[in-house]
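Chain lettering (A, B, C and D) follows the sequence in which the chains are written, and residue indices restart at 1 in each chain.
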Amino acid sequence: MKIIGLIIVVVTGALLIYAAADFPAWSDPASPASTYLSPYFIEKTMEETSVPNIVTAVLADYRGFDTMFETTVIFSAGVVCFFLLRISRREEEEPETRYYRHVLTGVTIQLKEGYKIPPSADFERIDAVWTPPDLIIKTGCRILIPFIQLFALYVIAHGHHSPGGGFQGGVILGASVILFAISHDLRTAVRRMSEKLIGILCAVGVSIYAGTGALCLLLKQNFLDYSALAGVLHVDPITARSHGILMVEIGVGIAVLATMIWIYNNISSAGRYRQGL
Amino acid sequence: MTDLISTVVAKYNYWIYITLMMIGLYAMIAKNNLVKKIVGMNIFQTAIILFYVSIGVKKGATIPILEHGHGPDVHHVVHAVDYINPLPHVLMLTAIVVGVATLGVALALAIRIYNNYNTLEENEILTQVREK
Amino acid sequence: MDIMDIIVLVLLFSGLFFLTGGAVGILRFPDFYSRLHPAGKLDTLGSLLAMTAFALFNLHHFSLGALLTSLKILLIVVFIFLASPTATHGIVDAGVRAGLAPWTKGQKRR
Amino acid sequence: MSEQYPALLVIVPLLSALVISVAGWVNKRLCFPIAVAALGVAAWSSVGLLFRVLDEGVIVYKLGGWSPPMGIAYYIDYLNGLVLPVVSIVALLNLISSKKIVEQQFPDKAGPFYTLYVLMVTGLLGIVVTGDAFNLYVLLEIASLTGYGLLAMGEERAPLATLNYLYMGTIGACFYLLGIGYLYIVTGSLNMVDIARLLPPLYQSKAVLAAFIICMVGVWLKMAFFPLHAWLPNAYTYANSASSGLIAPLMTKVMVYVMIRLILTVFTPKFVFNTLAVHDAVVWLAVIAIVMGAVLALKERNLKKMLTYIVVAEVGYMVGGAWLGNRAGLTGAVLHIVNDALMTLCVFLVVGNIVYKIKGYAFGDLKGLFAKMPFTMGAFVIGALSIIGVPPTCGFFSKWYLILGAIQAHQYGFMVALLFSSLINVVLFFRVFEIGFYEPFSDHEGHEHHPAVMAEAPLTMLVPLYVVAISLILVGLYTGDIVNHIVQFVIPKGFM
């Protein structure tokens, strides 16, 4: 296998190097890629969409259709992880000994199969291998998480004016929740943000994007033509495009946030929703 | 000779991406461990991202965020030569997301395989399959 | 070369010195826990010093914008000061929980 | 409303997939009807589009109102006008049939299953309808990712087979992306029609040559063209029958469509057949693909795996036909996309029914099946005859065009390979018939032979099967009309 691999690699590499002979040199301002479409985007974006960040404008407006499917790719990855890994409730809830912890005293209670304690603030359900979360990590994360989330919201909201947008902000937001799950344990994290909520948020995020596009369709314009929203938002068509971009960015942010957590939850626990693989 | 060297230097971004890509491809073909193959796959995808992003660079240009004042009266004249090509960045945002999604699915599959066979070495799995 | 430049240079080079020491330590130490020791301590201190140097260097031409930028850099410093030791501690904690025994004298490098 | 059909075709399944995923958390029983309704709308609008194309010619739909090449546009011409209804109808029929399989195999995961199913169809429809090279890549990844998820849900070996598919599929998709990058670097455009407009001065460029080779290798990887087919048989065999019934007929065919689209629209036949002139070599590769597919199928003692090797051979038919470089060959290839999607669906639905009832698909499990499941096996006979190429089933006509093309292009090797693989198919299928008809039924456990009791698959699985089986004959009978009204307009002017 190693020799075959080497041969394939050498042949492919030779082909690529051969082709690179006809490429423009690096950072050549006169290359076709820099002179054909990009001047249009650079010079017209501000007039046509009133968004100073050209990447955001191209991402969410000129090529907004790509981005919608990009969000769908993330969404489908989340669904695939859930579909493949999640152990169905029937298999999981077979008679097993349950462990609870009395939060105030820290006493652990072991219950024989079939018994359970109704959900209350005094008791939390824990895994058999549960150990108390480390104090330093818990405190450190507790200090950091609010700032991380604030920053994430800033990144989403300022996608028009600075590097950022829905994907980046959504990932940071998701990372903050994952940090919480790491610093405490998965059960606590899932209790704060249930599986059902995450699953629905994923779909809601993508629906905000696709729904904005479909709204334009209903307003007698082409799909994703945000200028159709001008009448609804009471602004001129160009500002409407800017607002439309913000709407879809929020949708992207929600979808990415939820999917990141969903993928983490499923992969880190192999679908058992308990601690550890 | 100097010609060749200047060509090589002027296009160094392509050589870097080709090298990275071939490392990834080789890892995907020749490695035995399934997770190492996934790592190779990621290197492979990242090489393509590097390639695209390097297309966007323009000498003497800055990031494609327009300088702008506040209010409707402020207008700046925008010259295309001052800003780098935004399109590759847009495309690569998509490709990065696709890469992350693929990585997630691949890891999920690897976990399923590990649960079934208790190993991630491909030859060990194949022996187990043959024994059954 | 005024006094500011000298302070910046001293800070920067001491930062780089600690970062290099951290890198050497990660390579040279014998096991998981001891390798995290330079990674946690020296990298934090090194980046703190280097970042402070950047913040000072940025104040060379004093203006409100430069001051804001320097404050942002100092915020990063605070963030690293919090996050880096916590992360290292977390990794060590995970190692202990997973049952990895620390290296003792006479054993092979791991 | 009809001017919005191109958008509806993709948007309705996408939105429904999201609704299904929410419904999976609220009420699982809602998932299936929503999925059927979504694919029904998609099928309706794709047929509507086909008729609009027949009336008006090429339809351009600008997404976001931006005109190409700035924005993304859909181009619907005769080629994808023909492929779209096939994709949506095949997906719809298999969906109806999959209800019972899902209830039997993973009832808890009906929500995510139907979500992924509908998303995959969205991706496939999007690939076929789009006119933007990069948009095609994104949709390709949607179809692939959901496909990995669907295929991995099966027997114990399914995840490993799917992971191998994932490696290969990712290399394929990345190669395609890289090829598009090469085209972008020399032309600066991503729109297919625009690239074709900008390319002619660059025909001698090494970058365009490399772009073409890389794109083709990527697409061949995805469609399992012979030396690159290794992932396909295992991935399809060990998957659950609901998924393999969707992916086996559609994924490879859609990739063949992409190949033909790249040849016809992006790189233009002038470059491929005149400047490059490697088509003879590719046809010979196709010959090897057909022969090897047939021979490897002969080796298998397992119905589903045998069918997957037939899929590999069929890919060889289509690639060979497209690369013959003449009118009859291309007609045969396009026609074979339609026919092969239906034929493969037919036989894989049969396998689904058999697995549903017998829980096995090795040759040993098929004993006495004609007595036990007469209707299923009746449809199997029709599907098998069509794959063999017996008139009046549709398989005969596309093969006829392919052979005609081979003779016109003086590619006698390809003609011989086609005839050889037909002969092998006869052997393959009559062996199955023999086991099913003559050997008495026996249980897995006991060896006592008792008279077979009729235990037919439920009606929701039989009805789609018979719709396909009858359509095999109908498409065969109306081949002349399809060729005269649709396929002949696919072929660009100046083609022999």
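To be clear about the criterion, contacts are C-beta pairs under 8 Å (C-beta built on N, C-alpha and C of every residue); 3 or more make two chains touch, one makes a residue touch a chain.
Given the structure is predicted, the values throughout are model-derived calculations rather than measurements.
Looking at A-C and B-D side by side, the one with more C-beta contacts is B-D.
One simple way to say how far apart two chains are is to compare their mean CA positions; for chain B and chain D this gives 29 Å.
One finds 56 Å separating the Cα centroids of chain C and chain D.
Chain contacts: chain C has no residue touching two or more partner chains.
Within chain B, the positions touching two or more other chains are listed as 25, 55, 87-88, 91, 94, 98, 101-102, 105, 109, 112.
In chain A, 16, 20-21, 23, 31, 33-34, 37-38, 41, 63, 66, 70, 73, 76-77, 80, 84 are the positions where the chain touches two or more neighbouring chains simultaneously. Viewed as a network of touching protein chains, the structure does not reduce to a path, ring, star or complete graph. Working note: touching chain pairs come out as A-B, A-C, A-D, B-D.
Residues of chain A touching chain D in their complex: 15-16, 18-24, 31-38, 40-41, 61-66, 68-70, 72-73, 75-77, 79-80, 82-84, 86, 88-90, 196, 199-200, 202-204, 206-207, 210-211, 213-214, 217, 221-227.
Looking at the complex, you find that chain B touches chain A at residues 7, 10-15, 18, 21-22, 25-26, 29-30, 54-61, 63-68, 78-81, 83-91, 93-94, 97-98, 100-102, 104-105, 107-109, 111-112, 115.
By the touch criterion stated above, chain B contacts chain D in their complex at residues 25, 28, 34, 37, 41, 44-45, 48, 51-52, 55, 87-88, 91, 94-95, 98, 101-102, 105-106, 109-110, 112-113, 116, 125, 129. By the touch criterion given at the top, residues 4, 7, 11, 14-15, 18-19, 21-22, 24-25, 61-66, 69-72, 106, 108-109, 112-113, 115-116, 119, 122, 126, 132, 134-135, 138-139, 141-142, 145-146, 148-149, 152-153, 159, 182, 184-190, 198, 205-207, 209-211, 213-214 of chain D touch chain A in their complex. Of all residues in chain A, only 131, 134, 136-137, 140-141, 143-144, 147, 182-183 touch chain C in the complex they form.
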